[in-house]
Amino acid sequence: MLRARILENKLSSLYKAGKIVGGVYLGKGQEAVSASLGTSLIQGKDVFAPLIRDQAGRTAFGEPLIDCTRTYLGSVEGPMRGRDGNIHRGRPLAGMPAMISHLGAQVPVVAGMLFAKRLQGKLQGVVGATCIGDGATSTGAFHEGLNLAAIENLPMVVVVANNQFAYSTPNSRQFACADLVDRAKGYGIGGHSVDGTDLLECAEVIGRAVRLAREGDGPQLVVAHLLRLSGHGEHDDGSYVPAGLRSGHHGRDCMEVAIAQLIETGASTQEEITGWHDEIAEEVQRAVAQAQQEEAPDPYREDWTALSTRFPSAQ
Amino acid sequence: MLRARILENKLSSLYKAGKIVGGVYLGKGQEAVSASLGTSLIQGKDVFAPLIRDQAGRTAFGEPLIDCTRTYLGSVEGPMRGRDGNIHRGRPLAGMPAMISHLGAQVPVVAGMLFAKRLQGKLQGVVGATCIGDGATSTGAFHEGLNLAAIENLPMVVVVANNQFAYSTPNSRQFACADLVDRAKGYGIGGHSVDGTDLLECAEVIGRAVRLAREGDGPQLVVAHLLRLSGHGEHDDGSYVPAGLRSGHHGRDCMEVAIAQLIETGASTQEEITGWHDEIAEEVQRAVAQAQQEEAPDPYREDWTALSTRFPSAQ
Amino acid sequence: MSVTYIDAIREAQEKLLREDDRVFLYGQDIATFGGAFKATKGLAEAFPNRVFDAPISEDAMMGLAVGAAIEGMRPIVEMQFADFSSIAFNQIVNQAATHFYRTGVPIPITVRLPSGGTPGSGPFHSQSMEGIYAQYPGLVVLTPATVSDAYHMLLDGVALDDPVIYCEHKFLYRWLKAKSINGDHLPIGQARITRPGKHATVVAYSAMVHEAVRAADRLAQDGWEIEVVDLRSVKPLDMDTVLASVARTGRLLAVGEAFPWGGVTAEVVSRVSEEGFHLLDAPPQRLNARDTPVPYHPKLWAAHRPTPESICDALRKLLSF
Amino acid sequence: MSVTYIDAIREAQEKLLREDDRVFLYGQDIATFGGAFKATKGLAEAFPNRVFDAPISEDAMMGLAVGAAIEGMRPIVEMQFADFSSIAFNQIVNQAATHFYRTGVPIPITVRLPSGGTPGSGPFHSQSMEGIYAQYPGLVVLTPATVSDAYHMLLDGVALDDPVIYCEHKFLYRWLKAKSINGDHLPIGQARITRPGKHATVVAYSAMVHEAVRAADRLAQDGWEIEVVDLRSVKPLDMDTVLASVARTGRLLAVGEAFPWGGVTAEVVSRVSEEGFHLLDAPPQRLNARDTPVPYHPKLWAAHRPTPESICDALRKLLSF
């Protein structure tokens, strides 16, 4: 998660320096949740459909940093070849579908990947997971997809990062239930609530949800409570977030909490962490530099077709 | 509800005799639920958006029989003027929107009508209600609409008639929760479960839900348990319904139960009921005869435009 | 012995299930019940665990199909009516249609859309959406008009690596019969001269091919020889065949059952005007449904869509130039 | 002092809120935040209880608007991006668009669609959906290209009793400025001659009007006088103005930013071919975006949509006939 934080800080500076076109969307404050999920999944076996704020989960799942920098910086070498950008990246054949912008839409896609694996006799011990925001729980796609996963009893984990806001819209304009985890029963699936600012708790609760799914207990809904510590994107200062929320429990920076936990439990020392920091910063710098020196897509060399089929006599 | 049953039996014969084109969809077995809702609402004040199997609720709310026969028989005098048919009828300005086929789509429409009334300062003491099937709870529209009603805390009642099937599809392929009423908590709204075969219970529970909404307790979800006693439409013999379900508790005919209840409680006698029956049969016959003698729409007199605006120089 | 159009669709699916274990069927009421139109009758029994009843969740149905396609499956999704694909619209046009372009991973899904009007079906069970889907890059849109095409184009469509919108016409389901499913088997992307002629070309597709042939039959009594071109697929469009026909006749009428603004007929007329202007001896013409929802009443319905009469009228006007 | 295109949209909404208490605004992040593009900045404060943040439920947003319209209100719904209206598709095309025809009760809703491409916006924040919605009976589809039209057409659109799809172009938001919002105020359904000419007609709308004018400027250096017609509304289409222009020039190029199959340019070219064939001295031409999703990278994006260069090329070809 430290890697994600450092990478994203860099992306933010690049954006502010005008080096990234479009937008930059950070997972600041959500790394504990996202990383806990990514770490619980097995690359090459499981499915992980990250969403907007899942740099930490992506990295933990094994996405190389260069996939990120290439996509943000528009290198033709990236997985999206400049055709799509920023967070809209993935490697579907490696178990990481590329999100479309329309929120909620990845839920049934993950269900479909698992459904296919079952038909192919390859589902044993596999989990499919996706993250989603509080706002996206209001989409029909989320409802239909989760309900379908429940009907099919698929080994699927949906992590809702309730970061209190959808863009500028607070929870109060998004749902009226006490806790989104209350929805689990209505789908007949497992429900888990977790403090998203606490890495140890996230690792435990999300780890458990993944384990339950893996062991055949069907879909699991995890609702993590936290605060988005950045704007919606780097163009947004998030000034609509009330100070009380920022200074409250949800406003804790999971990164600081995690570092304190590491040091407290003796798992690591401040020096070690500083060391990682420097190492990662360099690694990030290399990934940025490489993507920056790579070519942009060339419209004259594009084949300009959206179909894989070539029809000889018609178009 | 007796009126609805007799009317619908007539529609079924007309369909089988080839006098109705398209399809006929009956509410057989659901009259207790639908009528209880219709009776709890106040025509001219409340909003009622009936769905497929709501003849009883329509009649109770005050829809004249002739609206039904005219629409089924394609009279140009009917509310839909032959442009739409069967259950796709309504009088939106009289508080009864006309359903489109797409299931779930009426939920946000009712919410919008209530929302408007609030803006206009006319919401005091008003309720908006709609019915929906077990199958339609799987639609994104249902989820989005109900959630929106909850956010706005609208005086809305949604009655789910869980008749065990959506066309041929059983509950087990539609949802995985124990009882659909379990969804209420996840929306933060009131939830009520009721035996849909029992008129007295329906009247009480649905009446209470409507009262709660009217008194400001926000949206109420009522789930009625019963069995569809006809096919999906009159073209379908429903042979996929297991005999065990038919002979079980849900398979009870709410009409018979209601008549027994009326007689048992001394509210009415068999003779009286037979008398009603004859009266209604005649009334139905008149409504059918009238619609049948009326003109069909005339394509040469249609104005063939879907817009209310006439643009002078363009089209 | 004869096969109907719906039989052909059922047979094709049976063959696909038998021969390709990547294929599965997903849709509402298609398993035990065999589908609202019986297009999958008996298939759930014959192929256990290959035919699934879906919940009333068109959006998720398409999402599931995309996920399954990523994993190498070839789902065939049945929409109960084309009209209900409006709920799956986002997954079709934004997820399935963009996937190959964005990621390089193709999405071999076939979406079966029971399309077009029948008497009494009304505004929400009658729509023809080929012209909507064809606007989106990344989709192949097929509109079979014959029993044999219904069969072969479904097989060929499922064999394509791209998402296919397969528009099957409900009016043809039981009305259209053939001796066998073996007609001339043209590849996808090739149009057919259904009826040769020399005085004018009618370009049509799906059920309108048959109405056009009827109109041509009537005009034949007056000595007019009308050529009828069946597009078969509306995207891709076989302009070679269309232009060759217009080159022979000099006159074009494009006929479609969809709403009159835009759509297939506009694309055909504007491509012919653009690419074959000098071939035209008269202004190209279009005939579509009226600009209202499809009405319920059979009398209104019959006046809403093109008919042999209205096609004849349009052709007479075209021939008089 | 100058007003931008987005200012005009904001001003129009302010005026509507001030003068018509049937109007309310509904959309994601439009209240406190003032909208993703600030089209409603300050309006929630100025008009308490008239501007509402919606949940991420486009389908329900449109459903709510239909219900409110039945009750006599005039909702303006902001989609955060046109692309997300794919989620509201069913309520738009099947509920709102059919309502008047079916029930006789009109549905005066205005749906604001931030449309069109900008560099780096990618496949899902760049779409032009006017040609999709225009296919459906019962909708009015507006595509303002000027600051003044952005203002007046929003006012006029809200005044219509029918559902209006108001396509506002994101690229024009801040780029397009005018001295004031008072231009010549044409009624809806009337096109404008943006630039008179006599050698060829370019029919365009929305942002493409400006690209067409640039192309015309360049060709003017070679002595060509290109007439640019701004459709303003794509449904209804003002064929009188288009045909009168083609009558003067004899040559037609239709330019649009949407995908190349079907859509506005096909409708325009096919109507001109049908109704004004004898006016044409050369094959009518079309120029659209490419047949792929809108790419993210600015270099690809710039080559995906029509540009002054590609419009010039198309015009040169057209003029050479």
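The letters A, B, C and D name the chains in turn, as written, and every chain counts its residues from 1.
By definition in this document, a contact is a pair of C-beta atoms (placed from the backbone, for glycine too) under 8 Å apart; a residue touches a chain by one contact, two chains touch by 3 or more.
From a predicted model like this one, the values you see are computed outputs, not experimental measurements.
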Target chain C, source chain B, minimum contact steps: 1
Distance between chain centroids, defined by C-alpha means - chain C, chain D (Å): 30
Separation of mean Cα positions, chain D and chain A [Å, integer]: 35
Inter-centroid spacing, chain B versus chain A (mean Cα positions, whole Å): 43
Chain B and chain D: spacing of chain centres that average the CA atoms, whole Å: 40
Shared-contact residues (touching 2 or more other chains) in chain C: 54-55, 57, 59, 83, 86-87, 90, 94, 97-98, 101-102, 123-124, 137-138, 290-293
Chain A: positions in contact with at least two other chains: 80, 83-84, 88, 100-102, 138-141, 144, 147-148, 151, 173-175, 305-306
Arrangement of touching chains [line / ring / star / complete / other]: complete
Touching residues (chain side chain B, partner chain C) in the complex: 21-23, 74, 80, 82-86, 88, 100-104, 135-136, 138-141, 166-169, 173-175, 240, 296-300, 302, 304-306, 315
Residues of chain B defined as touching chain A within the complex: 138-144, 147-148, 150-151, 153, 172-178, 180, 182-189, 218
Chain C to chain B touching residues, read off their complex: 28-29, 32-33, 36, 53-57, 59, 81, 83-84, 86-87, 119-125, 290-293, 295-300, 302-304
Chain A residues within the chain C interface of the complex: 79-81, 83-84, 88, 90-93, 97-98, 100-102, 105-117, 119-120, 140-141, 144-145, 147-148, 151, 305-309, 311-315
Interfacial residue positions of chain D with respect to chain B in the complex: 24, 49-50, 54-55, 57, 59-73, 90-91, 94-95, 97-106, 137-138, 140, 160-162, 188-190, 233, 236-240
